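To keep things simple, chains are lettered A, B, C and D as they appear, and every chain counts its residues starting from 1.
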């Protein structure tokens, strides 16, 4: 049974009706083309209305739809070839992050991203897409390898956060995130980061420092998940939908803030309703942005990347009359 | 009870006799100065004879004398100050390798070395001076840190080998040794390696790639321990003494081979009989060699270091008449 | 490029004396009969005369308990007298229009006499010049919003410009400042990059972790020190212990995420008791002239 | 600097056909009635026709057992026909005057038709040019003495000079060659440095680990590949399993030091079955043109 969100229900029902009618017409051999077209136009309008009115919380739930393409899905949809590489060369191979060399338009690129499972078994293998430090160390190793061979780096981000586990803490979850952020900032190759689903806090940022940061229409990216925010504010995770409003975590908000560079529009109804179409869309955006930054010399690239993050922050100088406190 | 080797016994007995006599004379107030001097001269001669005639196996045993100075002893004896630094920033802090910043003649240097324990309890903490991968990763981290701050690196090597344990293998013992060797080779700071006791195989080489490689007189350095060699050759570890002969592992041999640059003479009877004297000696040699290489520009230093190892190897081109085999 | 103020202001926004006289803010409560001169130790319940507590670096001399120090108290402990020159003061905006945030800021400003959760400037420590930054837990849990991120970044840039080492004393409970959302997250990137640029300039960064250093502060500049020291028993980690316990449904080890645990697992260089912190910092500065 | 021969000799020191006709050297024994045309699988005892075995990349088609391949057999499997140009042949000396070593060398030379434990030269793999080096376990356990160390080093230097990638197929049981003592140990440094120089030149090094890759070979060039692949079940590690068992007095995990174990613990990039090895190598070479 595919998951159907409550706001999708009228749409899904209408679509079913249209399909039934189409089958009926086809069987009967009646010419109802115009009427069918009218109906479909109505469905389109409904779709648009529904998806334009989505609340932030609904978009968070879209980003978590179980049928939404995962990182490996996108890799298959977008690239011509993929050779997965494993291990951090220190401790383990984290299945919650995949990475390797892929081919885009005949050119090798390094692709990295957290990987969620689709069923329980796979979710256990993938630790529900929650990476351990060795996953981030693998990512870093592959990014440094990419730099050695002048390969562009593409990160596909879909992660609620770094795994909050005992062993993960033991092996330096915080430290490795900091290391990833620092190292990634200075890599002399073009980096495109795409938040495809969830962009949860430091666990997302650890592989999210790039020259272009794109976001799927219904992805979210925030310093904290709505649930955790609600827990802190009201000690009630069920008020996540209110928290989602406060956090300004949608692609629309983040584009306005200048945090991301572009929003990758999803097929009406969301990525989960059309993998192929979503893949084509992502590929088109990726191609365009990558081709732009590939023209920039490596030193310039790093300089711009640093400037980009350097200027983020909302503060103001204190007015002098407030400063009349003697030390 | 201090350990007394069988070959030391005549000497120790003579020394005791002389001491008794000296005490007797002192108590009685008799003037036996000349006779005493004669006796001491004899003892000196005996000492010299004994220690010049030591077999390789006896020197291996000297290197393992429980009272021989350990790395931390040498640090205390040679340097003015020492601030120990901990951890590999990835997994753990290996107590079998110590490292930190020390001061030599007013200048900070980075000092690193495996650390043996003196009693059972300390030996358990120190894992008998047998490092795990995290120990080598700590060493590498501190060496890279030293490079960042243009600090010379001094490694004090006394290790039978890297620990052959399940977890050590799991965490990449072989890989980390290779990484240490590779990385150390290209560090743009002066490196002095001193084999102070045992220099066992890859576990020693991992911190043994330097611009000057010095060796204490009674240290040994080899690709394999005499015991293991005897086990392989004759399936009998008790024939280690014969294997020690074959392996050419003494400072005398290695100086002849050009593998090491200098032999640090030990006080007669070995380092364990006079820590202070040994420390002074080591400091003098270290100072001299360090001051020489500190004058060399960093790039030259690395170039020479690479050339030094590049040319090691005994082989010959095959004569053409041996090559008349068609493919 | 540098945004540090060029004309040093005659005024600073800290009042060490006042903060001191106000007594101890954390880990202690007002003494018998609410006498503000005395503080009761939360650990052993002993009553301690405030001046005594101050002299003893805010460590209970009955049980060794470490009281939380305000940034100003820490500054007094570490910096040589009259050497601290604060950076241009910055104050927070409310980029998400987060309800209640401006009021919270004002309240914390009044309580701590700070502009935000950081006190930062140039200072001397036993004669060694450095940039000294101190996070104040009393200001929204010592969390990093735009102001903390900007000031930390300016700290490293100032260090590069003046060829000075940087010492940051961290102690931010939640790490990120939720109320600034994505802007807070981005400060992790900004500060980590500032550390990276600083390191490439060949300068020395000493990170000192105090109770508690967690989340986005630990996962950015705080864990990137050339050398990392910690106070005994300081909580150090990424995810909060409660979240870890809830997620894993496992019993946490008794020393979980303490400084001792971090040392054992190779994450920090050493644990330094409070009374020796100044001497240790100055020694490490002397190694990196 | 480069010691590689300038005038390519008309002669090589390998006889693939001969080695092939001699049958399978390891993991199998002569078949029924000692018929040299047949080999018995050491794992499942099936009798396999040699030509069949050769066609099947020396994998038993009854049980999937991987027979050990000689360097020549491996060369035939991986290199495009008639593309291999061997380096100048080198032979061992006896720097320690180790008793019995020269005789052992001669014996191994006769048995393997190799000069030492390595076959190395320029080759093409599905059209992609590279330096291809293959360790032969049959030559004193595939151990690294001065000749192997020198040839590996020349391989990377040749790669730098000709801007070619390097592929090394390792399989050295003991790693170091005891009989050359300290000279053998120093080859670890020499080869690791060669890899370092090669990497700094921006070139691609692919390390392929076959059963067994241990000791000094694993702890130097073999574990420094940009990408590391392994054959299924290959033994990979530093200390031998017997030594680990004796030292720790613990029961070893059933998959201890296998390729699968190395993959699980993050030490290698992937496991590739023998029949796909050539295609995989050529694909990776195509990514690094």
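A few notes on this one:
The working rule: contacts are C-beta pairs under 8 Å (C-beta built on N, C-alpha and C of every residue); 3 or more make two chains touch, one makes a residue touch a chain.
Small disclaimer: the values here were computed from a predicted structure and weren't measured.
Listed by label, the chains touching chain B and chain D alike are A. The most distant chain from chain C is D, comparing centres defined as mean Cα coordinates. In this assembly, the C-alpha centroid of chain A lies 43 Å from the C-alpha centroid of chain D.
With centres taken as mean Cα positions, chain C sits 33 Å from chain A. Averaging Cα coordinates per chain places chain A and chain B 54 Å apart. Each of residues 89-91, 171-172, 175 in chain B touches at least two other chains. Annotation for chain D: residues touching 2 or more other chains are 265-267.
Contact topology of the protein chains: irregular, matching none of line, ring, star or complete. Here the chains touching each other pair up as A-B, A-C, A-D, B-C, B-D.
Those residues of chain A that touch chain D in the shared complex are 81, 83-93, 101, 103, 108, 134, 138, 145, 148-149.
For chain B in complex with chain D, the touching residues are 162-166, 168-175, 177-179, 181-183, 185-186, 201-202, 205-206, 209, 221-224, 228-229, 232, 246-249, 253-254, 257, 259, 306, 309-310, 312-318, 320, 322-327.
Across the complex, chain A meets chain B through its residues 89-91, 133, 137, 171-172, 175. Those residues of chain C lying in contact with chain B across their complex are 199, 202, 204, 226-227, 263-270, 280, 283-284, 287-288.
Residues 9, 11-16, 88-96, 98-99, 113, 115, 146-147, 149-150, 153, 176-178, 180-190, 192-193, 195-197, 200, 214-216, 218-224, 236-240, 243-244, 247-248, 250, 252-253, 256-257, 261, 265-267 of chain D are the ones touching chain B in the complex.
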